[in-house]
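Handing you this structure, nothing more for now.
Should a chain be cited, it is by its letter among A, B and C, assigned in written order, with residues numbered from 1 in that chain.
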């Protein structure tokens, strides 16, 4: 199913290869040399393809499976039709990721600096970087080895970018120090001025924003997302964070490690999030909040107070998840009474 | 009222022309040769201008109308002052669209490829396309005839663009097949990686996204909107969809024909929308939902479950519109009781 | 704390200078010649730095202050440790702004037009403008003196830009007249087509948008925000407005002076906002609403009706703030009853 116009594919991958690459146990040794056509979803897999079955919710689809082979758990295996070759794996989703990585690859541009890129003389570019057309790189910028800076990106003076970091098309970066192995998606805006001003005699007097954005290692920042720089102190995004498209992170926010911030979330200024905090889509946080480690906030919730570590919250204003469900049930029941 | 700095205007348009172009019946044949100045709103129209009156809510404004002429329905015509020349039309809004198109036009750039555009040798560009300054077009891209690709757009390798499609300034397109007569607004991000990863030993392990974005014919994608590509399967936008600014459409979503998705809506991954689904502004959908044909979801609603065709829903979590109104009334009434 | 990689700093600023610049009264004349290291937050200030204490909520942090000096009010001064030199000021936040502006400055690019900028022959560029790399400026555009147009910006035909206005990287501007002293952030989309169409025989027929965007003086438009142009009439943003990142302002909206529109707000078409209206983050307004002067709308609220001047509203659909709080309390109390 994967379109070879866009992706490269390894040919002649056998079921034995699949078993090896994914650490699965092939149930039919006589089928070991069969070559798989493609990785496919359960529904679309033909009798040449391999699919992955790890969610019991898909059991109906699984029962009608037409695949050549299927990687699944010992528990789910009995639900797979007899004619499909089964490979047993404790974690078929991880197996899927591994086979994906083995079999397909995104095309990467070759290292090199496009003739139209405008790079300040004082900037330092590491080894084997790709710098695309019309990229603009300001004074004293430092870009480490193996980075990929796509067309029409603007990186303003003084920024530092770690190894193997990718900055996608049309993004703009300012006042930022970005770690290694990061991926800034296209159109992301890193380091813009925070929304800071003071009303003086009827005029919103601008407060110059003098901080930075510090982004750790292995961070993703989604398409058209905005991370404002700090006012005086810095805005900080911890290692391993995943920030989705169209998210707003305001000045002086500090995110711990491994946070997952789903699309269109807005976090007002000076909030502190612990490690592995999860915000569902369109969540909003008021300013100056402390959100503990491992907190999970359901989509569209509005947060007006600090949250203790490990809490699961929902609603606007948000309450513990169970309380929210109780409120919903109460309202539905009582509003329809005569 | 239309500013000729920005738009071209046909001069010497008479009331007879208006009647003809809009299929209206002119009530005063003796006025047929009068030339109209401009199309204007009811409030701003001077005694040289024509206006359109189709909403009874505007009856107060209509009673004070100073226009030369007014296109309106037979029903509303008695509300128009005597000195205004009336043209009767069953659908004055459609008449407005027709006169608009007849009388004014947006300036289009002449076909031609700007010298600064960077087009891969293997790319194919159709006849009479406009390719603006600093456009970057990757390997094997195919752009059909009469397209308009505005400055600073990036189109990555392998993408296909149908006839007469317009891609506005600073947009970026990747892993996408786009139909004819589409309009991708400025800053839109088509084909970015879906938000896919798996937590393994405390690290969010990236799942390579190997699908595409397939966009039908006559589709609009708003400014700074994001349409992620599929993980394995494709993200699909059906013919005739209208997607507003700052909308997020996640990996593997499938929209039917004619859907209207208002600004800042977020649709999580693997949702299926039928035909002519309407989502009001800031609506959020959880992942893996099925939304039936013709469903209407009011602004700011949150959708957590499948919705039957034809339903009208509101609230977060959303319920049928009437139930929501009952909840609002119940809450307002009971919360203020002593 | 301010990183001199990114900002310029005035050295040798003494406490006497601070007192003068900020109109503060230095409590220890014997310390007047001491040179301050940096401006810092209360928590991070070392014994060489100056900090500002104006919020009683920070009193705990203030009691452990290690700063050289602190600007605070007469009321709060007793909470500052004895060894810190105190400067008394009625408005320490304003003092902070003043010292900030005196001591630090953002680096501005020198005037000049980059060789790669593509400027139409009919365009007029004022004195001492900076026009960055790959900027594209269309026919008959007029840019007044001292403007700063950053790399990869696109300004389409006919637009006018007032004095000292800054348009940041990768923004796009069309059909717009922008005042003086404005700041359009990176990735903002000004003047795109409004979301206008009419369903005719199952097809969403496009309504050509023929208006403009008129932006007053001293306006800020945030990163990746979208301001659509009017359909026939104009979209208008009054003097002194502050519009945050990722905001959507639709066709024909009219904002008065000094409005504050926080991140991710969406205002549907043809709304009129008075002066100094404040919309918290993620607020949504339905179309054709009138919002009075000085109205404050709390974050995430949904507005479906007109609002009287001076009202403070919350909820979706929004109600007066006190009513909302009563609803929240009622629901929490009653939903948990047996």
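The rule is short, and it goes like this: a residue touches a chain if its C-beta (ideal position, glycine included) is under 8 Å from a C-beta of that chain, and two chains touch if they have at least 3 such contacts.
Treat the numbers as computed from the prediction; the structure is a model and nothing was measured.
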Inset, instruction - Report, in degrees rounded to the nearest 5, the angle of the rotation taking chain A onto chain B when the C-alpha atoms are fitted. - result: 120
Legend entry - Interface sides of chain A and chain C: same vs different residues, half threshold: different
Legend entry - Separation of mean Cα positions, chain C and chain A [Å, integer]: 28
Inset, instruction - Among the residues of chain C, pick out those that touch two or more other chains and give their numbers. - result: 116, 134, 152, 170, 187, 224, 246, 264, 282, 316, 331
Inset, instruction - Using the touch definition up top, name the residues of chain C that touch chain A in the complex. - result: 1-3, 5-7, 39-41, 44, 93-94, 96-97, 100-101, 104-107, 114, 116, 132-134, 150-152, 168-170, 183, 185-187, 218, 220, 222-224, 240, 242, 244-246, 258, 260, 262-264, 281-282, 299-300, 316, 328, 331-332, 334-336
Legend entry - Residues on chain B engaged by chain A in the complex (per definition of touch): 116, 118, 134, 136, 140, 152, 154, 156-158, 170-172, 174-175, 187, 189, 192-193, 195, 197-198, 200, 202-208, 210-212, 224, 226, 228, 232-233, 246, 248, 250, 264, 266, 268, 282, 284, 286, 302, 316-317, 319, 323, 326-327, 329-331
